[in-house]
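We just call them A, B, C and D in the order they show up, numbering each chain from 1.
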Amino acid sequence: MTADDLVSLRRDLHRKPEPAWREFYTTARIVAELESRLGDDLAALHVGPDAIAGDQRMAVPDDAELTHWYERARETGVDEAVLERLEGGYTGAVAVLERGEGPTVGLRVDIDALPRPESDDPAHWPVAEGFRSEHEGAMHACGHDAHATIGIGVLEAVADSDFRGTLKVFFQPAEEVVGGGKSMAESEHIRDIDALLAVHIGLDHPTGEVVAGIDGFLAVSHLEAEFTGESAHAGGHPEQGRNAVQAMATAVQNLYAIPRHNDGTTRVNAGVVEGGSAANVIPDEARIVAEVRGETTELMEYMKRRTRRVLRSAAEMHDCEVEIETGAEAPSATSDAELVSIVADVAGDTAGIERVLERDELGGSEDATFLMKEVQENGGTACYVGVGTDHPGGHHTATFDVDEASIGHGIDVLAGAIERISRRHT
Amino acid sequence: MTADDLVSLRRDLHRKPEPAWREFYTTARIVAELESRLGDDLAALHVGPDAIAGDQRMAVPDDAELTHWYERARETGVDEAVLERLEGGYTGAVAVLERGEGPTVGLRVDIDALPRPESDDPAHWPVAEGFRSEHEGAMHACGHDAHATIGIGVLEAVADSDFRGTLKVFFQPAEEVVGGGKSMAESEHIRDIDALLAVHIGLDHPTGEVVAGIDGFLAVSHLEAEFTGESAHAGGHPEQGRNAVQAMATAVQNLYAIPRHNDGTTRVNAGVVEGGSAANVIPDEARIVAEVRGETTELMEYMKRRTRRVLRSAAEMHDCEVEIETGAEAPSATSDAELVSIVADVAGDTAGIERVLERDELGGSEDATFLMKEVQENGGTACYVGVGTDHPGGHHTATFDVDEASIGHGIDVLAGAIERISRRHT
Amino acid sequence: MTADDLVSLRRDLHRKPEPAWREFYTTARIVAELESRLGDDLAALHVGPDAIAGDQRMAVPDDAELTHWYERARETGVDEAVLERLEGGYTGAVAVLERGEGPTVGLRVDIDALPRPESDDPAHWPVAEGFRSEHEGAMHACGHDAHATIGIGVLEAVADSDFRGTLKVFFQPAEEVVGGGKSMAESEHIRDIDALLAVHIGLDHPTGEVVAGIDGFLAVSHLEAEFTGESAHAGGHPEQGRNAVQAMATAVQNLYAIPRHNDGTTRVNAGVVEGGSAANVIPDEARIVAEVRGETTELMEYMKRRTRRVLRSAAEMHDCEVEIETGAEAPSATSDAELVSIVADVAGDTAGIERVLERDELGGSEDATFLMKEVQENGGTACYVGVGTDHPGGHHTATFDVDEASIGHGIDVLAGAIERISRRHT
Amino acid sequence: MTADDLVSLRRDLHRKPEPAWREFYTTARIVAELESRLGDDLAALHVGPDAIAGDQRMAVPDDAELTHWYERARETGVDEAVLERLEGGYTGAVAVLERGEGPTVGLRVDIDALPRPESDDPAHWPVAEGFRSEHEGAMHACGHDAHATIGIGVLEAVADSDFRGTLKVFFQPAEEVVGGGKSMAESEHIRDIDALLAVHIGLDHPTGEVVAGIDGFLAVSHLEAEFTGESAHAGGHPEQGRNAVQAMATAVQNLYAIPRHNDGTTRVNAGVVEGGSAANVIPDEARIVAEVRGETTELMEYMKRRTRRVLRSAAEMHDCEVEIETGAEAPSATSDAELVSIVADVAGDTAGIERVLERDELGGSEDATFLMKEVQENGGTACYVGVGTDHPGGHHTATFDVDEASIGHGIDVLAGAIERISRRHT
């Protein structure tokens, strides 16, 4: 792929951001690209239900939502045959390249977008260059458009190299809701992986910097709390209401106030809240979508316990009921020294890379950890690589964007490392 | 109209509840009914922009919302010619009956529904009888379906009576958002009214009871607060966020805690709240739709002042901005003794009415007060009549329903009172 | 008593404000004054345990507190024989005047102060005139210094009049904590009262105004909540704490936010809060002293129920325990028309009274209601009289003060009314 | 000192716990003990104002409080001549031992107690053995009674050893309020220190364990916020109040909810709160005594900024004023490898020490850091040593206690290390 090809592909994906399990266009586009570029070179291309363990998907949206995005993808004119295999929210793909004897190496890239609006500031690069999100309320605000592009680029580069062995690239859906990692970790494709690489762009590292091995993944757990009270006329009979919004507000205030823990980092966020129906009705329903994190699983569990206590008591205080549903979760994980050292070596030799950090802490969560742990438990090794990119806004914000030069860096470092891994094995 | 006609009309309206300024089907149905029942008997039938002062409408929803409901109405097959006149949210109608010399009497009925879901409990009468709301998230939870039916019934009954003078029935939109009263009060149709009646069903009075004159309307003011902060990755950089949901929750807690006032009744409700985009993003936007009320305008202003202080400080506390938009407002009003006495007399003689209360307090708000005050300022008199109806759930709740027998009671009492008013003038 | 005597007595009491059940100096001073002014004219002077039903006292402070104030009183050099009878917080007195055949009339005045500091603004009259409170943290901020003075003045005036019958003046302790009314209502002295008057100065009425009969007493209930959690080092192990101050703060926020009630006035106040021991210790103890009120006993009970729910859930939320102790309570009461009319007549004829209001609402609470209800249940009548006084600051605030001219008004109106009552009976 | 002497001295100090700047008895007892045990062996014994830089004291209580504790100390019969030198809260001492040529070594021990009640559970060792705190509301809940004892023991042990050089033991007051460290760091006595040791017992390490060098001190800042509103009668005119307790509660809720920071550990605690005067008065005053901490000074400053914002906005929300006074602060610090290694070696050879950890994190704050930084800036080295002790309750809790065996361990390790330091220099 030329640099222009990379930019053009990434921008096309950026223009059509699709949140978790709704990556219909994105998957179809990846499949089309792989078929056109690699065609018969691929030993296999597993799509949708064939790529993932469908019953292990977490945080799948409801049918109406899936249908809405499915139709939207269909209207773009993508290959209907591919699209049909994704129906019901079975998105993602696994592409397999076989090059004779040698290790089985995996590369995991994630492909979903965030359900948040993109900046329309004329100074925002995607606006200036005309590839801002076409879908109001959705945005590639974490660089997964670049990740998908890197996945394709790596396949092509490795296909053209002296690589010996098998390469599987996992185009993983639903990372942002911590919903897709497990379904790929439980698929059959992961079982024979000897060495797994995963990649993330940015993370506050500038273009030209590479972190060979990222650690410090926070264990994360999502949850949703539904408060149910009783409505009443807000003017006529406020005392007859059981106010779900008061319960929710009390909970939000106290969730953020859960005591910090001496054993390490914790996090909590009430990321989405809503409640009530009209100004003159005492609200009988309210909802919190939240997540908690911990530097260890124990810390995450501490936060979960405290969160439940806050939610239940806030409901009780306002005579409401609350149903708490635990959503997706992801564990912690560690990058193996052996692979870290290979990546560091390769990165040191890669054009455009000016600075290589051996290790850094993520300070966030990632469901790549499901794949990493699976591979490690099977006796393989895993490594999470950071590829620096200048990004004007922070991750998950409206002005996030990537320096497109770093897409090439990612391909070079990862393809180089994959080749090096195959050589070491022989 | 036969009792069966009344029930059938009311149920049809109940099945298609339309919130404020979206009463497209409702208005068209009223017009169709009036034309078929009264036809040339009507001196005039003003529809949509001809019925109201369009520039005085308050709390009109956005175009997308209007279009959505407009299309929905169109699909029912109602008269497109009528529908087109309502386009853009100009709903409502004023029907005029002329019967020679005599006073000009007005009757105001409201016709909008609430944006809240209806119970699907099999024991809920509209479910049992198959006329539950067809529009998820909307419901006639305050009896305006019955009010509209009463308006038509009164016109027919007066047309068949010895009434001398002019009768105008105001089918008013958008009462629930306090948005339509002013636009009818400022229309030309109100100016020559000598005596105005308004009616509400229920209000915790059982079937067979009538309140001749209701007072104690709370002045009301709606407002909407938009909090804007800054998003950040909830795991990676919580400290970089400026959390609009924390600001909102702090505000909600403190809004309900605004001190009670010794001068009289006050109310506050954060009826709708929402905020945030995803579990793993620090929320940069949140919203509160609220209302405050006061037994007097001064008390309402006290609540508005305190509300603004709470909202601004809550934003400031979390380093957010807040924009506060004042929405619809309605004043207080009083029923005139002269009309109260006529209604009480008539009700005492009406079959089915077992108990007549001279006066009662509403303890809620109503934008009929705009019309009442306008008439009173022009030297006329006004009276707000309560017609009891057994209602299983409270007003504005999911199980609200009316005892259909009370529709006839309303027609009899109001038509009787209108005739009596005309006689008194001659 | 001359006007100078009245002023001088009132100022002496003002200088030595004593809160509930600590009226040692005050009681002794009243006794001394009565003995010197009326001496053998009095048929009886019941003091301390003889004046009240001691086992019905509510909200009595602990021994240390009682001893502290007792000693303070002793140091002023008051009559030790009287003082000893008050030991243990049995304060108050009942003075009896007998003048032959006739009705038994009661007058109740309260004598306690508030536990709050007095303004030291040079413009504050007691500061300017040198009679500001000598006891830091205590203040006659509700005019009970004037009430006690009025009680003595009325006794003297009636003694010099043509009054026929028996007059009992109840110098009641502990009104501010709603703690003394019941103990006087349950004493033997109340049983034979035919007509009871009670008096309050001020209440937002200016000098020269009299309210003949006050109604609208709010039923009131005091409570104290003790939260117990677990302390921990705030730096080292915040997660090991169970934070009683967080529980308390959550409770306070939600107490004030208990929904207003459509049936009438409600009130709530977290009047005293405290918690914690040091900046670096997670607080394991916190306390709220609160009161709730309601226009009716039912409304007070509603507030109590909601208050308990809030307190319990706030404790639960922070894994704390809470003990809730119900404190003093007082019912509602009504002034009888017969007495109201007598007072209004007398007031209309009294020099210095420019305006007489038949009725007004208190909008507060008063444990005079215990005595009023007791008398009414025994077949007598009762009336609560308001005597206007210009007061710069509101009741219970640091700058409250009375216009001393109104003390004479109070004596004239009450003595006049008492005489009139006696005449009516004969 | 025999083991019995140590226990007896420690228990005596435990029985008379004195909080910051009130260590009158404690200082006098230390002085008496030093004089009787070492007498003329001491080159100097600086007491009170001679031991500290008096104008650098932080968080000194008011005169009334100082006088109260001073009198209490006087009543125990301690040497009045010593006591008088401490008047006004100039507590603490520095004892100097000179043994010829050699380095100047410092040892810092803190001597103050906490203002919190001690458990009265019969199972609590000080209760069982009869040395529970005699001062209600004060307690040696952090082991400073043991520290003071260790300081004396070390002086005696070093005096009996082959040590060559000068030893200064700093008996530091007011550590718990972070108030005394600076005043000792700024005294002349610190300037010539070549090597400084500080010691803490416990810290979740069991008896028999030693941590040679503790790091991870959190920078800390204390603050006090005074909210001022306006009082009003809670029943009569709640709307006229400006409620300082509502402001305080809103602040507390939001202080604990200040976002966690990705750069490292932060802490916040509203350790003492109070407000209001009576149940029936809207509170016009409230107070929060709080502390914030950060792994770095920047993180502490972040917490301070956020705290101020919360406090100011909470006041504003309830129309109150707030005055925020910054209290004591302490920086972070690091133990020097050279000394850590000496302590580790010595500890490894000390009887009773079964396990030596090279390094551990404190996760709390300490104003020993002022002395450590001062010494390090002057070119010396510093090391903070942890001496394990079984403690049933956590630090700062009601059931904290030390295993008295560890007092001997502390003396042995520290005296040994001091000797070793002197040998290394020669």
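Keep this in mind: a residue touches a chain if its C-beta (ideal position, glycine included) is under 8 Å from a C-beta of that chain, and two chains touch if they have at least 3 such contacts.
Labels paired with UniProt names: A, B, C, D = Amidohydrolase.
Keep in mind that what you see is a predicted model, and the values were worked out from it rather than measured.
Counted as hops between touching chains, the shortest connection from chain A to chain C is 1.
For the pair chain B and chain C, chains touching both partners: A, D.
For A-C, the equivalent interface within B-D, C-D or B-C is the one where over half of the contact pairs agree by residue number, namely B-D. Centroids of chain A and chain B (each the mean of its C-alpha atoms) stand 47 Å apart.
With each centre defined as the average position of its C-alpha atoms, the distance from chain B to chain D rounds to 66 Å. Residue positions of chain C with contacts to 2 or more other chains are 236-238, 243, 246, 250, 253-254, 256-257, 259-260, 262, 267, 282, 363.
Against chain B, the residues of chain A that register as touching in their complex are 114-117, 137, 176-177, 203, 218, 220, 222, 230-238, 240, 243, 245-246, 248-250, 252-253, 256, 267, 269-284, 286, 289-291, 293, 327, 362-365, 394-398. Residues 236-239, 241, 243, 246, 250, 253-254, 257, 259-263, 282, 302, 309-310, 312-314, 316-319 of chain C are the ones touching chain A in the complex. Interface of chain B with chain C (complex): residues 253-254, 256-257, 259-260, 262, 265-267, 363.
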